[in-house]
Amino acid sequence: MERIDSTQDTTAFNMPDWMIQFADQKREFNKRPTKIGRRSLSRSISQSSTDSYSSAASYTDSSDDETSPREKQQKNSKGSSDFCVKNIKQAEFGRREIEIAEQEMPALMALRKRAQGEKPLAGAKIVGCTHITAQTAVLIETLGALGAQCRWAACNIYSTLNEVAAALAESGVPVFSWKGESEDDFWWCIDRCVNVEGWQPNMILDDGGDLTHWIYKKYPNMFKKIKGIVEESVTGVHRLYQLSKAGKLCVPAMNVNDSVTKQKFDNLYCCRESILDGLKRTTDMMFGGKQVVVCGYGEVGKGCCAALKAMGSIVYVTEIDPICALQACMDGFRLVKLNEVIRQVDIVITCTGNKNVVTREHLDRMKNGCIVCNMGHSNTEIDVASLRTPELTWERVRSQVDHVIWPDGKRIVLLAEGRLLNLSCSTVPTFVLSITATTQALALIELYNAPEGRYKQDVYLLPKKMDEYVASLHLPTFDAHLTELSDEQAKYLGLNKNGPFKPNYYRY
Amino acid sequence: MERIDSTQDTTAFNMPDWMIQFADQKREFNKRPTKIGRRSLSRSISQSSTDSYSSAASYTDSSDDETSPREKQQKNSKGSSDFCVKNIKQAEFGRREIEIAEQEMPALMALRKRAQGEKPLAGAKIVGCTHITAQTAVLIETLGALGAQCRWAACNIYSTLNEVAAALAESGVPVFSWKGESEDDFWWCIDRCVNVEGWQPNMILDDGGDLTHWIYKKYPNMFKKIKGIVEESVTGVHRLYQLSKAGKLCVPAMNVNDSVTKQKFDNLYCCRESILDGLKRTTDMMFGGKQVVVCGYGEVGKGCCAALKAMGSIVYVTEIDPICALQACMDGFRLVKLNEVIRQVDIVITCTGNKNVVTREHLDRMKNGCIVCNMGHSNTEIDVASLRTPELTWERVRSQVDHVIWPDGKRIVLLAEGRLLNLSCSTVPTFVLSITATTQALALIELYNAPEGRYKQDVYLLPKKMDEYVASLHLPTFDAHLTELSDEQAKYLGLNKNGPFKPNYYRY
Amino acid sequence: MERIDSTQDTTAFNMPDWMIQFADQKREFNKRPTKIGRRSLSRSISQSSTDSYSSAASYTDSSDDETSPREKQQKNSKGSSDFCVKNIKQAEFGRREIEIAEQEMPALMALRKRAQGEKPLAGAKIVGCTHITAQTAVLIETLGALGAQCRWAACNIYSTLNEVAAALAESGVPVFSWKGESEDDFWWCIDRCVNVEGWQPNMILDDGGDLTHWIYKKYPNMFKKIKGIVEESVTGVHRLYQLSKAGKLCVPAMNVNDSVTKQKFDNLYCCRESILDGLKRTTDMMFGGKQVVVCGYGEVGKGCCAALKAMGSIVYVTEIDPICALQACMDGFRLVKLNEVIRQVDIVITCTGNKNVVTREHLDRMKNGCIVCNMGHSNTEIDVASLRTPELTWERVRSQVDHVIWPDGKRIVLLAEGRLLNLSCSTVPTFVLSITATTQALALIELYNAPEGRYKQDVYLLPKKMDEYVASLHLPTFDAHLTELSDEQAKYLGLNKNGPFKPNYYRY
Amino acid sequence: MERIDSTQDTTAFNMPDWMIQFADQKREFNKRPTKIGRRSLSRSISQSSTDSYSSAASYTDSSDDETSPREKQQKNSKGSSDFCVKNIKQAEFGRREIEIAEQEMPALMALRKRAQGEKPLAGAKIVGCTHITAQTAVLIETLGALGAQCRWAACNIYSTLNEVAAALAESGVPVFSWKGESEDDFWWCIDRCVNVEGWQPNMILDDGGDLTHWIYKKYPNMFKKIKGIVEESVTGVHRLYQLSKAGKLCVPAMNVNDSVTKQKFDNLYCCRESILDGLKRTTDMMFGGKQVVVCGYGEVGKGCCAALKAMGSIVYVTEIDPICALQACMDGFRLVKLNEVIRQVDIVITCTGNKNVVTREHLDRMKNGCIVCNMGHSNTEIDVASLRTPELTWERVRSQVDHVIWPDGKRIVLLAEGRLLNLSCSTVPTFVLSITATTQALALIELYNAPEGRYKQDVYLLPKKMDEYVASLHLPTFDAHLTELSDEQAKYLGLNKNGPFKPNYYRY
């Protein structure tokens, strides 16, 4: 059993301002003009770079008709109308997307297989609120195969893949979600998942905390039957810790965001590839010989630096933390202050989780053609607002690419308006999504089956053994063969042959 | 303040057998025939690859006279005879060694400078038991410059650099240590440090736990005045945790072995270089195109794999932990069971901390000329004992290199008889030793100055802020420039501008 | 026996079949159904991976009107109608494209500057036949700035950027080219460049050899005044060597395709990036941990292997040439036959310049989901024709991505239908195009200004000194500072201070 | 103008001064005080870093008796006294060394096997003059197995391994060589190989040109029966080209120094490893985070840069050749002038083949502790002579390591007194020596068996097909499997299925 005592954590590491600002951001609910919309609202606070998202391919939906799904009467082929999606007729297309995703999510498929005999979620009534994509559909249907009944809403008003929602509805999952919901629609959908006659959830799977929030607010009594909450986002986790601190958390909750496996894939491994992808797709630039400064040498920064160095770029690093700074040195990067190199670099990449790392003053000093982008979190790292001044001209040269032009003709190439490059301008491999979904499934199984007393009304990290299990389910993808400890070796090491294999503080 | 609650630790991570075997190993005290002698005794249990050691250059002492130092009458130039070293006349040569080391230990020199005004160790009476090398001499003299009075013995009967001990004695440090002590000498030296009229230690710096053990056994009352113990070795730390568990730890103790900075340098960074160095010095082999299997993908394994891959070797990895296994995959290594590749590889390297990872059966199947070596811990990883059978011929072809010859003429190249390659066949850069020594100095300062109640009778990790401070003191070596948080940014992140910058569970 | 002279070059290295097939391919002139059209016809024979092309962005032209440009009456703002383009009104948009390209082609801009005093091409009358893109426009206008008069046609019926052609026409360059020419149009345009009253070319810049061919066929007397031909494509160069061999080459010709600088950028450096880009844009796959086999370890293969290894893939190599094979070994790649790994790999990449490297038999044995693509030349490397059998189903899942489905459900992911991935599915950085264009400009200057007798009626490589000059003009992009030899050093090395710095056989 | 033929090669690339200086160096024959002695004399001019040498392990010979071998009466066990070595009794120990070397020289052993039926050197009478080491012994005995009769002398007065010479003598090879010959001895030994009654050589294998020179001078008539000369060193090759230019070369000669395979291994692959090895063995430094400037980005520089970058160093490059400079940029290195970084770097490495690359002025500006070494050629790159001034103190701190101390206390760490680091301070893997020896053997076979007229009185490169064959013989070491062309593919590519596979100008 693996707790990180929340009291300890919060004293050692105070709740940062950017988390607290979350509340204020909620006020701006409907003001976002861009497609990224609510997604950037509830997701933007993510420290993890790929916190959650839907595939880039999803934002195209040509056959928009204007009728609100809420006003449509739709039935699936079995006659059920317990769902609300854009167009049930898109189900077949969605099913194909799901089938393709299944092929790349072998871990969930393996869970389904193992569940053919026992149903670890038999009796579970799960209400979920996540992005609705082919990958989450695979998760939802896996939960079903494990014995659970599910009802589902979207955690983001823009990210739903309508055809996938249709396919889920067609197969009998009560799903309430479409692309382009209003705020009112958003909460209506959530309510339809929860407020059902003769059905009461006993498990929550949340991504951002809105579902949890709604139940707290509207149906607090429901918690009496709820065995636990699984939450994957930084934001949602933060809200849970606040509840816990305030003594208001009335069921066990599991923070799956901070599991080792998920973190490594969301940050280091994923960003190592997406920095190259994002830069190429937006600028077609050549990496070789380019001078790059990467601000921040956490997991995201480490991934970006490794990739660019491998492609022949000359990489400088800025850091505030001396330990990470020393790592940058030992990994072969010059550690500088941004000002030292700002005039000479061809690319500036922020990976800090901080605000105003790149200021107007820096932007003024960059050379002509310098590319500026953000791989860190939110849209705060680059002070984009400072560029909205009359003397500067903005020119949109491509989707997600703006030239900001100084009076002397100097152009800065700003990507994704300072929002996350990897979310806006590259896609996330299904394999990464598979890690997350498997983590969620296992957390649900653990909380649902845990013996009385194992978990209290607190926030828990995924037990290391389950973290290891997620990893082991993904090894077959690489045809990788794990070695087993002999009895003698296990005894020598003082370990159980099935893990966990490391103490909690192990750093990987 | 950063505790790892020892209760939690021990329940989650049971004391392994190899730690428990420690007690038995102690029984064999004087049986070791090789030079590595007692060093392998108290050091061999180290999980860390470079736990502690003295420079490879140190084992040469040509002018051996046979008189025991205990029987000699020696005085330093100031007339003091409160020391016992091989030959006080070697002081000048030792001083030069110390001066050279000083140039490469800028962090300690920086501490000395900062201490010119305040003396954070004023009043401290430190009794120490470590290897006696130029680098520890820099540490000891730094402690003096910070205000402490020190008395010192060696933690290893073979590792003392006699000329350095002489230089310390000449400069007024009461040091009791020479190369080639008997067991009786060993304890006599320790006793002479502790059992002094008119002087009682209030701080302990230990490496292996023998000094602590001696005081517990002989002078338990001394602990009343002792403010704390700083311990750097895995073995010593284990003994402290056992004391704590048994409720017998009567002063605070600091485990500096597990500080982030030290761990990264001892394992990842140091082994990345020493695997190449050790293999070249022993075999002159070419790395390009060679097939290598690395058993274990912890920090040591990661370092070995990265280095060999960079040199053009084809590297396979074995692992028992699925998370580390998945990391190996993502880093581009085929994850295999040892049996799958044992017939084809040119080199086998163990980095597991486990026992019998390479068995006689594996050795029987290796191809002619295969090189086998151990970078992990102790001498248990390769079952060398299994090679001591009549049908196999051993041929010593170089220092630290044996050919083991099968009846059919097949030769296996065994390095360092299965002991640690990096300790036996390569040297450790002073920079790595500087990290360790600085960590020890800061731990002493912290424990000595901590306000009443901050530390209880328990084992603590080095506070993260101090860990970060060690790192920051080493940045100037790389002409590295750390960025400082603005007030606004610190507030946004909820951090103190001076750190600590990361929560305790951060993985680096 | 290995002596290096130009006679031997052609005898020692017989004209390969795939070059000879060229003639037959010409017969299929208008049969190509795809957009890549004639480009794949005249370009496909390129050994170089990026022989020549236009930017991927160029194939969009929304405002198509159907009138043939040949039937339109158009004048530029200065009243000239000596051109034929799609729509002269697009000139402004094209000008902006040219201006952006200028910023990334500093070498040509530097040539313009240096030419402000002397005009090395004063009096030159250059007829050109190349792709018409923003980058070639920069080249053409540079030639003008250097003193030349130019007339230009397209070397490819599909690749013209209409807006760029318009901008050239507007600025006074007689350009005859539009996107979507018929074969008849194609030759008509070329003829309009050459067959002009009162203007006769004295230099030819060709890409593919069609222009040269046309003059040979229609206006052989013109060669009396022509000082030389500059040719950049493998195909065109081959045709020139054939003419030379047949004793029919009546002017000096310069093969710029094989200059060192151009080759390195077209192949090694460009492919190192485009393999990642092409795979990501088409499949969104994750590289980490993937098993890849790269067929061929020439410059293209070396680039692909280095990039994928750096991203954490496990790379196998196949080779026929033992020297390249040994290089692959020393660079850390397992050298295998394709059959050994075909069942286990996730990706197959061909870079051989050979035919039927991947056969139906291989395709039958690949595992489900295996990605197959070609980075080598033409469309012969993968036997795609063998997949056009009734039992296999083709499913177009994205632009340039087909799933080929076996009866048992196995899917192979075929990219770009086996044509060049880097031309079809990624873009070429302007920097690479800049290298080529600068090489062409310098070759023209050299041939035009060479003293009588320096060049005979033969095919020449770009003089090494000029090759070096191309490189030197691109160094400022990287803020790179070249060291100059002192007089003493130059004497010691027996070198001219201004180069050439290497003997001809130097391998780089 | 760039056409490639052999006449031009010498005119286009004038004999550099450092080659011409060779004659003068010869004058200093016996003045060298160091062990490296004559080796540095005849070897120092090598552009190749590992031109030829003997293993570092070879310079130890404890049982020196003082009698000159020339005055001893020795017989081998078969009663022959046609040899002159230090001590025939050492034969057994030498034989063991040879047997160990045989295991690592599989290519020669494979040649022996293939020669069991046919004897391609039957009738050959080879006189050889090379270093006498275990590896050359394997070569000599292979030549014998192929049918040749051999007589052998040493090309260097210091490099002979006496025990190996004894083993050769014992096995019946007339060898005249010992460690520590005088100049008179040197020529006497050569003469004893050539001037034999009833035996006249018909092939010469030379390393440095001294043997060839001696025959020219003393026995010019011998050339009537000599079928060819094989020469491996830069110096010897240069002397042959001079003879050829002067019209005095009276037999075909083969320059094996410039074969592709040998060059890549001597320079790129070997130096990639030896730079790390040489630095570690001399300084025990840590590479991570160090700033290094590498002067010269040829094959040697490329190897050094790649290795240090991989170990986490920050590498700057200086270059005079813009093409190599551009390669450095694309490979991710900042291209600078030495002065720009000289104050900040921790290590300076020269790889230029030039003189005075590091001047006193540079040395004056280096920071304290800076390490300076030479991987290029000779001892001219660092102006070591400029450090022999009264105000500087030299302190020998280790074998091959000097501290040069400035009046202000600054220390520069000079390695190997500016001579080649890789020859002085690291060893050369047998695998590299195997490549060279195999190349020599094949060149002898080719020249000996070539039909009348294939080779004229000129200097030839090793035929590419043989170069490829050398490579192919070394592939089994890596268990590497070459792919064979199908008939159809060979026809398509216009290649013979057995090679050569590339045109002569191919750059690899």
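Just so it is clear, A, B, C and D label the chains in written order, and each chain counts residues from 1 on its own.
The working rule: a residue touches a chain if its C-beta (ideal position, glycine included) is under 8 Å from a C-beta of that chain, and two chains touch if they have at least 3 such contacts.
All figures in this text were calculated on a predicted structure; none of them were measured in a lab.
Colleague: Give the chains in contact with both subunit A and subunit C, ordered by label.
Modeller: In this structure, the chains that contact subunit C and also subunit A are B, D.
Colleague: Select the chain at the greatest separation from subunit C, using centres from the mean of Cα atoms.
Modeller: B
Colleague: Using mean CA coordinates as chain centres, what's the gap between subunit B and subunit D in Å?
Modeller: 42
Colleague: Any idea how many Å lie between the Cα centroids of subunit B and subunit C?
Modeller: Computed value for the inter-centroid distance: 58 Å.
Colleague: Give me the residues of subunit A that touch two or more other chains.
Modeller: Counting only residues that touch two or more other chains, subunit A contributes 269, 288-289, 311-312, 329-330, 334, 478, 480.
Colleague: Enumerate the contact residues on subunit D facing subunit A in the complex.
Modeller: Its residues touching subunit A are 288-289, 309, 311-314, 329-334.
Colleague: Touching residues of subunit D toward subunit B in the complex: what are they?
Modeller: The contact residues of subunit D facing subunit B are 55, 57, 103-104, 269-270, 272-273, 276-277, 280-281, 284-291, 306-307, 310-312, 344, 368-369, 426-432, 477-480.
Colleague: Provide the residue numbers of subunit D that touch subunit C in the complex, in ascending order.
Modeller: Subunit D reaches subunit C through residues 1-6, 8-9, 12-19, 258, 260-261, 263-265, 269, 318-330, 334-338, 340, 353-357, 380, 450, 454-455, 458, 460-464, 467-469, 471-472, 474-475, 478, 480-486, 488-489, 491-495, 499-505, 507-508.
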